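Labels run A, B, C, D, E and F following the written order; every chain starts at residue 1.
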Amino acid sequence: MQQGLDITLFGMGIVFTFLLLLVICTTVMSRVMTRFFPEAEPAAAPSPASAGQSTVGNARLRKIIEEAIKQHRNRPK
Amino acid sequence: MENLANLWLSSGANQMTIGQFSMMVVCLGLLFLAIRKNFEPLLLVPIGFGGILANIPGANLALPAVEAAMYSGDAGVLAQLSQALGLAGFESMESLKVALENAPAAAAERAAQVAADAGFSNGMLYNFYNVAIASGVAPLVIFMGVGAMTDFGPLLANPRTLFLGAAAQFGIFATVLGAVGMSAMGIMDFSIADAAAIGIIGGADGPTAIYVSSLLAPDLLGAIAVAAYSYMALVPLIQPPIMRALTTEQERRIEMVQLRHVSKSEKIVFPLVLLILVALFLPDAAPLLGMFCFGNLMRECGVVSRLSDTAQNALINITTIFLGLSVGSKLAADKFLDPKTLGILALGIVAFAIGTAAGVLMAKLLNMVSKNKVNPLIGSAGVSAVPMAARVSNKLGLEANPHNFLLMHAMGPNVAGVIGSAVAAGVMITMVRAMGG
Amino acid sequence: MENLANLWLSSGANQMTIGQFSMMVVCLGLLFLAIRKNFEPLLLVPIGFGGILANIPGANLALPAVEAAMYSGDAGVLAQLSQALGLAGFESMESLKVALENAPAAAAERAAQVAADAGFSNGMLYNFYNVAIASGVAPLVIFMGVGAMTDFGPLLANPRTLFLGAAAQFGIFATVLGAVGMSAMGIMDFSIADAAAIGIIGGADGPTAIYVSSLLAPDLLGAIAVAAYSYMALVPLIQPPIMRALTTEQERRIEMVQLRHVSKSEKIVFPLVLLILVALFLPDAAPLLGMFCFGNLMRECGVVSRLSDTAQNALINITTIFLGLSVGSKLAADKFLDPKTLGILALGIVAFAIGTAAGVLMAKLLNMVSKNKVNPLIGSAGVSAVPMAARVSNKLGLEANPHNFLLMHAMGPNVAGVIGSAVAAGVMITMVRAMGG
Amino acid sequence: MQQGLDITLFGMGIVFTFLLLLVICTTVMSRVMTRFFPEAEPAAAPSPASAGQSTVGNARLRKIIEEAIKQHRNRPK
Amino acid sequence: MENLANLWLSSGANQMTIGQFSMMVVCLGLLFLAIRKNFEPLLLVPIGFGGILANIPGANLALPAVEAAMYSGDAGVLAQLSQALGLAGFESMESLKVALENAPAAAAERAAQVAADAGFSNGMLYNFYNVAIASGVAPLVIFMGVGAMTDFGPLLANPRTLFLGAAAQFGIFATVLGAVGMSAMGIMDFSIADAAAIGIIGGADGPTAIYVSSLLAPDLLGAIAVAAYSYMALVPLIQPPIMRALTTEQERRIEMVQLRHVSKSEKIVFPLVLLILVALFLPDAAPLLGMFCFGNLMRECGVVSRLSDTAQNALINITTIFLGLSVGSKLAADKFLDPKTLGILALGIVAFAIGTAAGVLMAKLLNMVSKNKVNPLIGSAGVSAVPMAARVSNKLGLEANPHNFLLMHAMGPNVAGVIGSAVAAGVMITMVRAMGG
Amino acid sequence: MQQGLDITLFGMGIVFTFLLLLVICTTVMSRVMTRFFPEAEPAAAPSPASAGQSTVGNARLRKIIEEAIKQHRNRPK
């Protein structure tokens, strides 16, 4: 029973301490990275050219393609 | 005619025990839940199928050569086995089993040589288990794949949510206490190592649970894995009542500020920061978190997309197939049908409930000390069960406030929960070993 | 100069035996057939290439460390090996070989330690063979992949075709009788285990043949695998004359009713039904049919398409590469160039022919007792050789009646043949073991 | 020789018996499934929306896609 | 409190040595080079990450169970280990280490059994190393994949370029001489086997270098692999000055005649021709070149594209992940931080430089004896480092003459360099073994 | 030292001899193949039908497809 209590108390304590350390390190790291290695500019969208015009058509095309891929993969080669 | 008699004697219908029959029904039930109810099918289909295979009477698929020799060998083989294991001669099956379990490595090898000379070989599922789980490799490779699928963006945008992932691990430790308590009261007979392995069910993370129980309590692995994956599938049923009971309508309506943009470099450096902290303070968590961070670094660094793709697809799929069948091998009737299994199932759901509650309460505590309010519904996502728990948070948020999209905010504590339970696993392994468990 | 002499002494051109040279030519022939004539290239390319590697003199790629030590070790090593294997001292290579073959596991390990201490290690192909085939895993994983590629729809729509798959297995058993007969007449020297392994060639199913012969007759594995795959490639030449001889023009024109629609749930439940029957009555077929049913369940259940995709692609391809190279390792001259190989090749084609005939005759028998006529041409597809045999049925059907598309109807007996030969394999393993083979 | 005969006779017998059992179980199973778990309706085609209009165009598109996939896979990444 | 003390004692921050800390910094440096500077990231990301894992104090990830028992076991365990290894009793760690290194196989197994009985198990990275590298399989599988990615067209169109691939191997042999010389002068302490393994760095071919050093100098494998991949990434910096120094502006302007069309059948037959030559004259190169030719045959034969695809993708990626982590396991501080590592780094770059020079000079020599001039810039591509070295040739060609596209011409010597270094590896293994190395 | 010299001299010699043999065999092989197994005609392009019309459109399509494939592969299935 004593062992169970030990594990619970120390265990929970260590988990919290460790994650507290991680929060601190992460926050410091983020500050450092943002200050010293700023990103050129968060790119608005991965494919701006294709995004604007016809998302519906693209969605349909993508669906067809995905099905083609699926069939391609499932075929008994 | 003698041949026909032999065939009938060796057939399953003749040899099947009630236990094996019941386990087959249980495994068919698992398959039904997986296929019809979509209960974590990627794991429960292989586990359930492996469980059926493990319970085929006479096939000995889940047994090592030595045990197959014990069950199917003649008197000569039994005498030789007894001798190899240091007994004076064959007395009873029970004493032979005990001798095998406690045999030092050299005696175990002599016994294996006797079995090999008598023409017995390891069962297929036993080989899978040995290669995939006993070596530790399968859960680690799956964890690497999970790392390669994880986006730490939401966590990095709001690192405080790590506390929610920490709090939800209280379910793990409370369960350990519960298991030890049940043993103290004489209801069950769990060692401290058993208790630690059972507790990890509350981590709601399959590979972590399998890894820990393969180290601390291999005999309970089947029950622990089944409990972990079943309850993960039940998250949409288990969590909502607890979440509603612990929050007010007002709290559930809280809208959170949009997450800031997280740069690519932050995402690259984060797994290294986590790795170094693990290296400094928790070496026993290094295999699990090391592979997880490695997967995540491959994903984010952008220069090894070939490897990251493979880790997320072919490699994790192959590993999942063999991991599932191997876990199934632990559903053999003589090991699974034990009062302990009921204890494990009962403790597991308590662990989930306590973890959920602790996450929600931690979120409310955070709100007391900080001005940027968090919606306490995202606290429950701290148990991990990615991404199911985050979706549950989102759903309850939308119920309270139709404009409240919590999904992204809940992904922070959700992935924090993965880290949290791996940390808890490391702590547990260290402490149990120190206690000589 | 001494170095140069060493190099020449260790070079292949100096050491090559006539046997090795002949086997290289044979293997180049296999590669030619595979690449130019499209003879089961997925298997015969790796097998042929592995065979060349296995016959490189001096490289010892197909040998375990112990045998490498026997062939290349000095007098001291030979003396130590003899002692480890329980001989008084080194007498002759032949007696050492015999001692190694009959060594109990403990002595074999001592010999392996002597070889390791003398700096010898296992050859690359030997390692592949050990991991892929001796463990049984590669044929089983391929069978899982085949299960994931198999559509049982046509079989479920017309379950009677299972009888065609059963009848075609007569080729297997007739061949066993033939092999035993040849031994009784003193033409060959096949044990009952050898005969059983050779018979399985008639099952026209590569993984099953390799699995059975790895268990019952590892020394014949190379010849059996080569025969099985070669004759499977020759199905379009072997079967048509037999099919024409046993059917009338009238019979070949029979059009069959269109197959009924088979529901998704039937397809999901079927592998489980098959598995349970195996569990009840044929435990020795459980590894083969278990993995096959598992693959098929992954395919049909619809919730684990990730795993099913991987089983059908990356995993089966990787396994095929190593399986093929491992089979090739058994094409080493000293094992393959044996009168037995000729016997195996001769018996194998007889097995195919008898299986084809039995399938066709069974279809004619079915027509006598049932009002829904089957075209007897689909009976030959019962030997398996999926999907080649079904295509042959279709082709001959179209010749007799240009509107007669038999392909789908022939797929029923075709996949039934896979089940049938796995069942026959299980029966064979059980009976041979009971006979102490 | 006796062993060979035994194997042939019993072996063939067991194979037939086993597959007979399988035929029976399969037939029963199919009846049960069809009666108690009837399918909503065998869906006419997997993708009715895309099937109607331009199957020829789709076939060509699929071909292009498959080739793209093939090239994509074969490229020396 | 005792528990807390235990945790602190077992934590990395407490146990870390200066060596481990330095190695972590070195590994972070490797990751930086791989991710930011694109230094062979497919290998250096896993190697660097594996190196960090290997240096986590207290986690023992890179150690076998026996060594873990030596470092973490109590007095009883140490006494038993000493006894198992044939010592009278435990004297010092140093003597125990020496005993373990020189232990015959039987004693080593007894020691492993002692460690297992004391509850120690192999570290994760040690297991990876054993399965992937010590068995030899990972470099061979990668070489198969490289074969499946290699197009021998340019080489077949102009077979003379094989001489360039031969000449560039002079870097290998000159380095061996250098390493032996350093030992003779007492600067370093390289055995002849060490020298041979170090020389292979000059082959500019990762899998070959890893394969050779796993056989001849496993202790130096980490440094050799890191040197090989780093210098391969540095090819665009190392080669140009040497190429410019050894050629005139006039020579660099030489335009080469367009390569002839090479037929499919030539490409199919070529790997078989190469294989047969290897079989006849260089059996020790058979594993490497055999797998390479096998991959290439799968690529070109056109009938097994499934297998070729898998060899080029899923299989090579999976192997690369584990190969990289395994190499990383050899970056543990106690093995890597050794004056020898500096010697290896110094000799490695000399090897690259000499190889480059020899290739260029050979091209100039060819021009003296032949009327079809070759541009000497393609000689440097003979070191392999595919396709980086060929691109460097192309770039320098374009600088001298904007219409001079050398890329395709340089691919000939480039792939010839792969063959050349595998041949050199075979020669080296044969000669070192003959010298008793 | 002697050993090092031996390895260098013999090693280089053998590498050259081996590759010389390979040059000879390759050249002979190429001659034989070209004479006795001439190729029907080096096919002009792998997909002549689709190559003629609109390579630009195809390129764009291929790009879309490749991206679709990439997304398809990277999605957390």
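Just so we're on the same page, a contact is a pair of C-beta atoms (placed from the backbone, for glycine too) under 8 Å apart; a residue touches a chain by one contact, two chains touch by 3 or more.
If you're wondering where the values come from, they're calculated on a predicted model, not measured in any experiment.
Engineer: Would you identify the chain whose Cα-based centre sits farthest away from the centre of chain B?
Structural biologist: Max centre-to-centre separation from chain B belongs to F.
Engineer: State the chain with the largest centre-to-centre distance from chain E, centres being mean CA positions.
Structural biologist: D
Engineer: I'd like to verify one number: the distance from the centre of chain C to the centre of chain E, where each centre is the average of its C-alpha atoms, in whole angstrom.
Structural biologist: The separation of the two C-alpha centroids amounts to 38 Å.
Engineer: Based only on mean CA positions, could you tell me how far chain B sits from chain D in angstrom?
Structural biologist: Here the centre of chain D sits 34 Å away from the centre of chain B.
Engineer: Of all residues in chain F, which are in touch with two or more distinct other chains?
Structural biologist: Residues 6, 10, 14, 65, 69 of chain F each touch two or more of the other chains.
Engineer: What positions in chain C touch 2 or more of the other chains?
Structural biologist: Residue numbers touching two or more other chains: 3, 7, 281-282, 306, 309, 313-314, 427, 431.
Engineer: Which bits of chain E are touching chain B when the two form their complex?
Structural biologist: Contact set of chain E toward chain B: 3, 6-7, 10-13, 16, 24, 28, 31, 34-35, 38, 41-42, 45-46, 49, 52-53, 55-59, 61, 110, 112-114, 116-117, 124, 127, 313-314, 317-318, 320-321, 325.
Engineer: Over in the complex, which chain C residues touch chain D? Could you list them?
Structural biologist: Per the stated touch rule, the residues are 156, 159-160, 162-163, 165-166, 169-170, 172-174, 176-177, 179-181, 184, 192, 195-196, 261-266, 269-270, 273-274, 277, 281-282, 416, 419-420, 423-424, 427-428, 431-432, 435.
Engineer: Quick check on the complex: what are the chain E residues that touch chain C?
Structural biologist: For chain E paired with chain C, touching residues are 104-106, 109, 135-137, 140, 144, 268, 272, 275-276, 278-284, 286-287, 290, 293-294, 297-298, 301-304, 306-307, 309-311, 314-315, 427, 430-431, 434.
Engineer: Note which residues of chain A are touching chain B in the complex, please.
Structural biologist: 1, 3-8, 10-12, 14-16, 18-23, 25-27, 29-30, 33-34, 37-39, 42
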